[in-house]
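Here it is, the structure, as structure tokens.
When the chains are written out, they are named A, B, C and D in that same order, and each has its own residue count from 1.
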Amino acid sequence: MTTRITICIQAEVFDAGKETEALTSPREDVGAVATFIGYCRSEGGRLKALELEHYPGMAEDEIKRVVDEACTRWPLSSVSVIHRYGVMKPGDGIVFVGTASTHRAQAFAACEFLMDYLKTRAPFWKKEYRADGTVGDWVEAKADDDAAAARWALKS
Amino acid sequence: MTTRITICIQAEVFDAGKETEALTSPREDVGAVATFIGYCRSEGGRLKALELEHYPGMAEDEIKRVVDEACTRWPLSSVSVIHRYGVMKPGDGIVFVGTASTHRAQAFAACEFLMDYLKTRAPFWKKEYRADGTVGDWVEAKADDDAAAARWALKS
Amino acid sequence: MTDIKLVYFAWVRERVGVAEEIIDVPENILTVAALAAWLSQRDEGYASAFENPKLVRAAIDRVHAKPQDVIAGAREIAFFPPMTGG
Amino acid sequence: MTDIKLVYFAWVRERVGVAEEIIDVPENILTVAALAAWLSQRDEGYASAFENPKLVRAAIDRVHAKPQDVIAGAREIAFFPPMTGG
């Protein structure tokens, strides 16, 4: 199956609705689309913003590698991954992942796989800016995220 | 946690982008939105349309019951379920399920749970209309779908 | 005898020939399964609809029901094939 | 000696004090771990960046690398904390 792949590393805001539509249009063989959007949170009002730093070049390459891996595991007609960098405010979208397939189980599995991967392998780092005006810490990686990625038995 | 719940059983087309946005706006505590859209497929050109019949009243009630069940299992800030009835052409959206939570694992799990449920318990039935102009069969329920729902140990 | 509203969907509806009806159900018909068996004796359409009881599901007052569930007090009973929404 | 481009991200970059640099790496530095250990002796900033080697990840030519991976032939080596994207 030929998979239509879109990968964008960008500073600009994305439109989740348009990205979702683009996953199917104009195909008539897509039965299932799963999407995920990760947002910047205020953490109960504690944060004013997050700054996302990334490794240009490697970010694209690494995401492409895992999208290719997803395509070997599930029959996907389309995959879109958009990951933003720069400063985000609470409520702003940071990442969009969308997968299209004939059946729902494949679309869901591929979408969750891609997100678990992005969390642990895509070269992005988040720094906190606090609501009180001070610069916060770099967000620490979570053991939860490693465990989530390990479920898929990723070669590391 | 108070969950904002939207359930619509409608003939009208839905706009997946607007529905996705509505899941978060204007909240700043949502970190993760998972959505699923099920589409009418042409089945390789074999089908001209699907007609969805439903049980008015029970459809709303039954979907409300499973949304409530999802809310007891995962901390969700918003849940939207839209299920259409009537005649759909290949490429038309049939169902939209969206879940918003603080973290992605909960949003994904709730979204997949809701879809697995809808497939096996929501009172909707699909009839095929073939590309050659003849009326086809009622779509048969799949053992796969029962197995998918059984994963969640739903009380039946 | 008790008046109960019966509703049918999909191919059950097509075979029975009506979408809904009010029927006097004899007092000795106690369960969903008994009701289905009794209905299947009414005419060929009902017989065809209920010929394989395993393929017919039911709801009592808009809640999924099992064959052995008691119908006493029901206002509306629905019969339909396994669902294929979503 | 071999010229290698080194790039740093997030708090590794902040502690080292530069985002990227070209460094002559001695021929006897064979692995990622050896390179990190050698860099940490350059000054306090590097020492601070690499003080807990378990917290520093590396990539060779934009592919994730392990501490024991050989750096021979590398054009660009990156050091950074565990990733927190998505």
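Note that in this section a residue touches a chain if its C-beta (ideal position, glycine included) is under 8 Å from a C-beta of that chain, and two chains touch if they have at least 3 such contacts.
The structure displayed is predicted, hence computed values, not measured ones.
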Chain grouping by contact, computed as though chain A were missing: B, C | D
item	value
Distance from the mean Cα position of chain D to that of chain B, given in whole angstrom	48
Whole-Å gap between the CA centroids of chain A and chain B	23
Centre-to-centre distance between chain D and chain C (centres being mean Cα positions), rounded to whole Å	72
Cα-centroid distance, chain B relative to chain C, in whole angstrom	26
Per-residue multi-chain contacts in chain D, two or more chains	86
Touching two or more other chains - residue numbers and ranges from chain A	38, 104, 115
Chain pairs that touch, as defined at the top of this document	A-B, A-D, B-C
Of chain B, residues touching chain C in the complex	38, 52-55, 57-58, 61-62, 83, 94-95, 115, 118-127, 138-141, 156
Residue ranges of chain C touching chain B (in the complex, touch as defined)	7, 9-11, 13, 59, 62-64, 78, 80-86
Chain B residues touching chain A - in the complex, by the definition given at the top	15-18, 20-21, 24-39, 41-42, 44, 90-91, 102, 104-105, 107-108, 111-112, 115, 144, 148
